[in-house]
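Here chain A shows up in two complexes: once beside chain B, once beside chain C.
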Partner chain A sequence: MAGGLHPIFLVEEAVKAIGLVDAHGHSLIPGNVLYSWTFMIILILVSTMATKKISLVPRGLQNFFEMVIGGLEDFVVANMGEDGRKVFPVLATLFIYILTCNLGGLFPGNDAPTANINTTASMAVFVFVYYQYWGFKIHGTHYIHHFTGPMIWMAPLMFPIEVIGHFARMLSLSLRLFGNIRGEDIVLALLFMLAPIVSTVPMYFLFMLADVIQAFVFFMLSMLYLKGAFEEAH
Partner chain B sequence: MGKKFVSVLATVALVAVASCAFAAEAAPEVISTISWAAALGMAIAAAGCGIAQGLGLKAACEGTARNPEASGKITVTMLIGLAMIESLAIYALVVNLILLFANPFVG
Partner chain C sequence: MFFGKKKNKHFQSLGLASMMGIHLVSGVIVGMAMGYYLDKFFDTKPWLTLLFLIFGIIAGYRNMFREMGRIQRKEAEADAPGADEKD
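On to the complex of A and B.
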C-alpha cells in the first residue's frame, strides 16, 4: 500500500480471527472477494427490507428504490428504445452494485472491492461477453457485419481494427474504474500522512462524487455497447 | 480525559506511526529513472487532461449560456465527457502505479 501503510480491513480481520489464514498470515479468501460478498449481502438485505410489504403508494425504502430504479429505467429506455427493458435488470444491477462498492470503500475499516483490478476486470469481461451474446442472439451470423465497416471491400482492413477496438473496450472499462478507485485510496492515504483531517474530509466529498460518476459511466458505457449490439449494422 | 482530546491524541499517534518505509532493492540510478518517468508521465497526462476537460467545460458553459433551459442535459453530458477524458489520465496513473509498486524489472 502507498507509503508502507498497512490498513486494517475489518471483514478480513474477522475472517483471519476465525482461522482462515494461510502461511504468510493473509486471509485465505482475498480481501476484494470478501468485501464484494459483504456488499452483496448488504444489498440483498436492503432489497428484501424494501420489498417486504409492497404497496401501491410507496413509502420509505420502497419509495427510494422506486425512484432510483424508475429513473434508471427511464434513462435506459430513452437511450436504447424499448429493447432496453430486456437488458435493464443487468444494467441496473451493475450500477447499484458498483455504486455500493465504491461508496463502501470510503467507510473506515472497509476496502472497496472495485479498488482491485480483479473485480473490475471480471465485470468488464462479463459486459463484453454479455453484449456479444445479445449481438449473436439478435442478429445471428449477420452480427459479423458489425465488424466489417461500411463497405464490403474494406472488410479485411476494418475487421482487425474493430476487433481490437472491442477488446480495448474491455480494457478501458476495467482500467477506468480500477484506476479511479485505487487512486482515491492512495490519495486519501497519502493526504492522511500529510495533514490528517483538514485535507482528507474535503477530499471525501470529491471522492464520493467521483464514485457516483464512475459507477454511472460504467453503467452508461455498458448500455451504449448493448445499444450498438442491438442496432443494425452500417 | 475528554473524548475530543483522546481522539485528537489518537490521530496524532496514527500519523506519527504511519511513516513512509519504501522498500528499495534496486540500484539508485534505476530508482531515479523510475521516479523521473513516473512524475513526468503523470504531469504530461494531467496537462493534456486539463486542456481537454477545459475545452469540454467551455463548450458546456457556452451551451448553457445560449439556452439555460437545456442546462440539465448539458450538465449531464459534460460530466460524462469529463469522466471519459479523465480516464485517459487514469491510464497514465495505472502505468505509474505499475512502474512504482509492481515493476516487473525491479526487485
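On to the complex of A and C.
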C-alpha cells in the first residue's frame, strides 16, 4: 500500500525485529527492496517445488507452470518468429515476476515493489540495455541504420529524434507501471478510510484485472522492442 | 491458454492503447531534459533546449503513430477470419 497510508508492513516489521534499524526507527533496507526479495524467494520456492518431480504427464504445480509458460511461448513465437526462443526466458521471467509483485501488493500487510519508481525504472533500464545489446549482436555496426531513418540525407535530422524516441521508451515503460500500481494502492487506502471492506472488495477484482494487464503490457512492449531490434533496418 | 486466441487480440490492443498518451508525453520530457542539460554543459542557453524540445515533440508523435499502426494491424488481424497465425 501507499507509503504512510498503510499502518503495518509485515516484512519490514520482521526486519526491524531482528535489529536492522537506523537511528530514526526506520528499517535499514528500503521497503521495496525487501518486498522484491520476498517475492523472489516465494517464486524460487514455488518453482523448485514445481520442478522437483518432473514427470512426462504433468500434475499439480508442474501442470500449471507448463500451461502458463507454454502459453507465453506460443505468444512470443507467434509474434517474433523462431528468433523469439532466444529471448523467451527473459521475457517470461519479466512477466511472471511483475505479475507476482503486482498481485502480491494486494494482500494486506504486503507492499507491491512495483509501486516504487526505483523498481520499475531498474527493470525498464534492463530492458533497454538488453534490446540494444541484441541489436548490436545481430547487426554489428549496421545497427546504426536503425537510427538514421530511410533516407541518408535526412540522417542528421532523424538521428536525435530516434535517440530521444528510444530513451522515451524507458521513461514510458517505468512511469506507466509505477503510476498504475501506485495509483491502485492510494485508491485502496483512501477507500478503506471512507468505507472499510464494503468499498474495497469490489475494487480488488478490478485491480486484479488491471495488474494482469499491466504485467502483460510490460512483457508485450519488451517483446516488441526486442522484435524491432531483431529486424533489419528499413 | 489465455494468449494468442482471436478475442485476446483486443486484450493486446487495450494494452497498447493505454500506452498512447504516455508515449506522446515521455518523448517531450526526454527531449527537453536532454536539451536542458546539454545547454548547461555547453553554456548555450536557450537554443539547445528549444531544438531538443522540438525533436522530442517529433519523436513523441512518431512513437504514437507507430503504436497506432500496430493497433490497427492487430485489430485487422482479429477481425479477419482464420488469420490467427500471421504476424
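We take it that the second predicted complex is superposed on the first by the 229 of 234 C-alpha atoms of A that agree within 3 Å, B and C clash if a C-alpha of one lies under 4 Å from a C-alpha of the other, contacts with A are read in each partner's own complex, and residues count from 1 in each chain.
Definition applied: contacts are C-beta pairs under 8 Å (C-beta built on N, C-alpha and C of every residue); 3 or more make two chains touch, one makes a residue touch a chain.
The structure displayed is predicted, hence computed values, not measured ones.
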Can you tell me whether chain B or chain C touches more residues on chain A? C
Per the contact definition in the header, classify A:V217: touching chain B only (first), chain C only (second), both, or neither. both
First (chain B), second (chain C), both or neither touched by A:E231: neither
Quick check for you: in the superposed arrangement, does A:G81 touch first (chain B), second (chain C), both or neither? second
In the superposed arrangement, which partner chain does A:I197 touch: chain B (first), chain C (second), both, or neither? first
Examine A:I161 and indicate which partner it touches, taking first as chain B and second as chain C; both and neither are also allowed. second
Given the touch rule stated above, what does A:F178 touch, chain B (first), chain C (second), both, or neither? first
Identify the overlap between the chain B-contacting and the chain C-contacting residues of chain A. 172, 175-176, 213, 216-217, 220
So, in the complex, the side of chain C touching chain A is made of residues 1-4, 11-12, 14-16, 18-19, 22-23, 25-27, 29-31, 34, 52, 55-56, 58-60, 62-63, 70, 85, 87
Which residues, counting only chain B, touch chain A once they are in their complex? 11, 14-15, 18-23, 79-80, 83-84, 86-87, 90-91, 93-94, 97
Per the touch rule, the chain A residues reaching chain C in their complex are 67-68, 70-72, 74-75, 78-79, 81, 160-162, 164-165, 167-169, 171-172, 175-176, 213, 216-217, 220-221, 224
Listed in rising order, the residues of chain A that touch chain B in the complex are 3-5, 172, 175-176, 178-180, 182-183, 186, 192-193, 196-197, 213-214, 216-217, 220
